[in-house]
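In the two assemblies presented below, subunit A is common to both, partnered first by subunit B and then by subunit C.
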Partner chain A sequence: MPKLKKPTILWLQSITCNGNTHSFFSHPDFVALMQKFEIIHHPILNTKYTLENVANENLTCDVLVLEGAFRQTGMKKANKEIYDIAQKYAKKAKHIITAGSCATFGGIFRQYDTKSIGGFCFDGELPNETYKLFKKKLISIPGCPAHPRWIGSVLSMILTHRQIPLDELHRPLEIYAYNAHVGCSRSEYYEWKIDVSRYGHKEGCLFYDHGCQAPFTHANCNKILWNEISSKTRVGTPCFGCTEPTFPKKNLWHTTTLMGIPASMPIGIPKRAYLTIAGIAKSFTIKRLNEPIIKYKK
Partner chain B sequence: MSQGGKRVQKKESIIQAALTLFSVYGFHKTTIPNIAKRIGMSSGNLYNYFPSKEILAQEIIKYTSEVLGEEIRKINQQKKLTTYKKIHKIVEVYFKMAIEKPEMIEYFLRVYLSHREVFVGECQRMVCVAGFITEIMIFFSDGVECGELRDQDFFSAFGLFMGYLGGMAFLNGEAILSRPLKEYTDDITQNIYNALKT
Partner chain C sequence: MKIKHFVEKVEGETELEFDFKNGIVNNVNIIFPFYRGIEEILKSRDALDALVITPRVCGICNHAHLIASTRAIENGLIDAGVNIHLTPKAISLREFTLCCEIIQSHFKWFYLVAMPQLANLNKLTISDNHILKASWVSINTVKALAIFAGQWPHSGYVVPGGVSCDPTYEEIIQAEALIDDIIRFTQQEFLGISIDEYYKTKEISNINGDMIEILNMLNNQNMQEKGKSYNRFLALGKHLVFKDGQYDQNIYGTAKIEYIKEHIQTGSKAKSVAYENKCYEVGPLARAILEKNDFIMDMHSKYQDSALTRVCARMDEIVKLLIYTKKLLANLNVKELSCTLPKFPKDLEANGTGIVEAARGSLIHQSIIKGGKIQNYNIITPTQWNLSNGIEKTSGIATKAMKGSINTEEATFIFRTFDVCSVCTTH
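Right, the complex of A and B next:
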């Protein structure tokens, strides 16, 4: 029986911190998954072709994974504009994955110059001219970094020819239809409007004073967890909203309020409905939720 | 009319009668037999609708809060109005109620604020006044969002606004004011706006 040809992957970096590359290395099935692909080039793994080969030759590429923010000119690698190299392979690829918030929306690097630096197909939330060329094969996996399982599951779906439903920013719905609040172990405190007193504690919600973005951030962090065990909110740190085109926000540790009322409502919740429920919940003092979960002996 | 419709109508007539008596005679001097007598109902039958005087008192504050909240909601939904105009309309609504339905304001001042021991349990803090408070919250946050009101603690603004209106309604009820209450609308609107604007 003839051996089936493996689909080829080309992982190309623009300006990046390597965060998505390293995050993906933490995938528990990384080796098994990657053995199902032929890796044409990867910036860190030993691969058949160097970056110079990629820049100067015309290699095969079924899946193009992009990492890092883009600028059309002034970001050279192997003496060529990295944007031009990405464009060349984007045309050949069957699927383009933007891994991480920088490749998707511009992320942290975009803050340096929002006029010229952005994602490959989006500048912030707005589609750019590259988007028009590649929208049919674009899959956005934003995150700072992208969760290893997000990249892994999209590659698996591509491998098995599964349908990948996307939202308007081309994020797979299997991952981004949820908000990061779903599965938060602090949801009882959210429901009863009891905020944390200090970071890193087991008790309290981080939404009211501490800037938690989970109720309006599309991600399933609290559903699938990080490193199989935890999440920001579970250890007492607010969600930073890193999968959204608005990331990074200023004053990450602070909830913006208008006369004491959160300026942003949870996704799809009208202000009137939120305030009615919040006002009633705040009217009751729930003793159990105002006490430590565990009373340690001094 | 259906049985359910009749029951709702009966409950409302009890609330109206009780509201009047509570606001005139106060909480303790008003009895269930007085209320029942006013609407030609037996005390026993009234208990079928409200199991205690305390629960009736709680239902009344919910009712007045909903009525006032509904009026402010209509103002909040007029997105083209400036915050100044909204304040003016809220003052108008409040004073209109103080003049045309003084029992509602009187009830709030003389029963709700004076007998906190009645409004506990399922009616504590904001539960029974949520309809009204929610709309005031929306008014304030919209005002800050459009840049017309200064961002500050909700209660410092709330106290200034509603405390002021309640005080004026009280002075009007005591017949102390030198002019009809409505004539104070413009000045009071200006004062509230000056105090809360950016």
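Right, the complex of A and C next:
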């Protein structure tokens, strides 16, 4: 049987912190996954081609992974505008993956200059000119950083020719149809509207006062967990909504409220429905949920 | 003769402009071409937003940035008259997660930078095994970190007054098991001898495993004689496991923050930083010299601040921190409070400085907060100390170390012994 040629992958960085590279490197099957590709270039692996080769030559590229925010001019690597290098390979690629919120929407680095810095195909939530060129092959994997499994699973789905249903921002629904609240270990406190009294307790919800954005953030963090073991909310940190085009919002550790009610509602929940349920839940005092769940002897 | 050399896979890229004279490097100019404006992004934001934004300076030492920004706020709160008292539990958890980040970063340097780069320099081919090892060990190290911090990279679990997590003994046991696995890996694969043996003899000649391959390749390149700089060291972060201070040509002193000054460099987007108008090396070698670590002191007396001593200090720090992380976990008392600050004061007016020892050295965050909002934020990263082009006419730490190199490849490797991080340097 003739040996099948491996598809080629090119991982290109623009204005980034390398967080998606290091996040994906923490995937338990990182090496096995990458061995299924011929790696044209990667930011931390020793590769056959240098970044200068990538910039100046016309190499093959089946899957293009982009990391970092883009500006059309003023961000050169190896004497070439990185945007032009990305465009060159985006035209050749069968699939374009924007890994992380910077490459997808502009993310944190867009905040420096929102007029000229954005994602590769979206500026915030708005599709830009580049979007028109590449929308047919674009898969968005936002997150700051993207979860290792999100990148790994999408690459595997591409390899195995599986269907990848996407939302309007091109995020795979199998990952982003959930909200980050699903699977939260504090969900009972959410249901009964009991806020965490102060940081550093396993009890209490972070949605009412501490800025947690999980109920209206598209991500499955609490379903699949980070580093296979935990998540922000499980360790008492609010979700900062890092997969959304609005990331980073302001006042990240405080909940914006209107007359004492969180201003942002869980995805798809009408305010009236929320208020009715919240009113009923708040009218009861549940003793168990107002005490420490574990009592250690002094 | 001038040669421009593009260096990649240094957490981003950089350009080295070499000036060769009589076949050896006479001078080098390090150019970091891109600034991302993190400090500008922070302006007029809520004081606590810094805890989320600043880790995004760097994908590999983000946790150090989180702790530095928290320390800057805590220092500011003290300045504003708020009593800040951390419990031993909160201190230990911060130390634990910081150590895990340093350990993964050092291992990545050995397996993803030193191994392939030294093999190239020695014209040897190596298998892909080193990637597998880097991957295994970093996965498990950051998993131990994530038990308490929720995730890596870009956790947010360090908050003014302590930490946000509330671990159980059951979770601490998971972390202990992971550290045990990493210790086993370190003994079997990395050092090739037990940590007991390593501490008994403290001789490089007894080391085996992957480290001996690195040491042999360093030896073949005469790296015990190369890569020497000014023999001046600085560690500024206060931790239970490190000793802060300053060292200049065999004289020890206390380090004073008011002697630190940043300078703009023409042609590069990175600022240089100096202490009393002199360049100082920061990082594992500086920390080993300041704590008078006998193994590294012995190497230092033989080979000074050579590339070999610098690499060995990084290796030795992995071993030291693994033992330390075990102790931290063994002594954790879950009954103590995780966070002692009940409420963050509204409309805070404060000036604060937070300093942390990160994988590559001392990291400084300084913030001015007015009416609860960030008026000014300044970050000085470890790599700014090591990778500047110097002060006035004197060379920087890395540029001095590269002088005298016989070709660009050798000089670039010496540059890499400082564990270059492009994104941190410019931020």
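Convention: the second predicted complex is superposed on the first by the 298 of 298 C-alpha atoms of A that agree within 3 Å, B and C clash if a C-alpha of one lies under 4 Å from a C-alpha of the other, contacts with A are read in each partner's own complex, and residues count from 1 in each chain.
By our rule, contacts are C-beta pairs under 8 Å (C-beta built on N, C-alpha and C of every residue); 3 or more make two chains touch, one makes a residue touch a chain.
Worth saying up front: this structure is predicted, and the values here are computed from it rather than measured.
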**Asked** Put the two structures on top of each other at subunit A: do subunit B and subunit C fit, or clash?
**Response** fit
**Asked** Looking at the overlay, what does A:L155 touch: subunit B (first), subunit C (second), both, or neither?
**Response** neither
**Message:** Per the contact definition in the header, classify A:I141: touching subunit B only (first), subunit C only (second), both, or neither.
**Reply:** neither
**Asked** After superposition on the shared chain, which partner residues are touched by A:L169: those of subunit B (first), subunit C (second), both, or neither?
**Response** neither
**Message:** Let me test your reading of the model: by the given contact rule, A:L10 touches which partner, first (subunit B), second (subunit C), both or neither?
**Reply:** neither
**Message:** Which partner chains sit in contact with A:A103 here, subunit B, subunit C, both or neither? Use first/second/both/neither.
**Reply:** neither
**Prompt:** What is the C-alpha-centre angle with subunit A at the apex and subunit B, subunit C at the ends, nearest 10 degrees?
**Reply:** 120
**Request:** Considering only touches as defined above, state whether A:R198 meets subunit B (first), subunit C (second), both or neither.
**Result:** second
**Which partner, subunit B or subunit C, touches more subunit A residues** = C
**Item:** After superposition on chain A, the shortest CA separation from subunit B to subunit C (Å)
**Value:** 16
**Prompt:** Taking the complex as given, what residues does subunit B use to touch subunit A?
**Reply:** 73, 124-127, 130-131, 133-135, 137-138, 140-145, 149, 151-155, 157
**Prompt:** Given the complex with subunit A, which residues does subunit C contribute to the contact?
**Reply:** 6, 8-9, 11-13, 33-34, 36-38, 40-41, 45-46, 48-49, 51-53, 56-60, 62, 90, 108, 112, 116, 128, 131-132, 134-135, 138-139, 142-143, 145-157, 159, 161-166, 168, 174, 334-335, 337-339, 341-344, 423
**Prompt:** Where on subunit A does subunit C make contact in their complex?
**Reply:** 13, 15-23, 25-28, 30-31, 43-46, 50-52, 75-78, 108-109, 111-113, 144-145, 198-202, 221, 226-238, 240, 242, 248, 250-254, 294, 296, 298
**Prompt:** Any idea which subunit A residues touch subunit B in the complex?
**Reply:** 257-261, 263, 271-272, 275-276, 279-280, 282-284
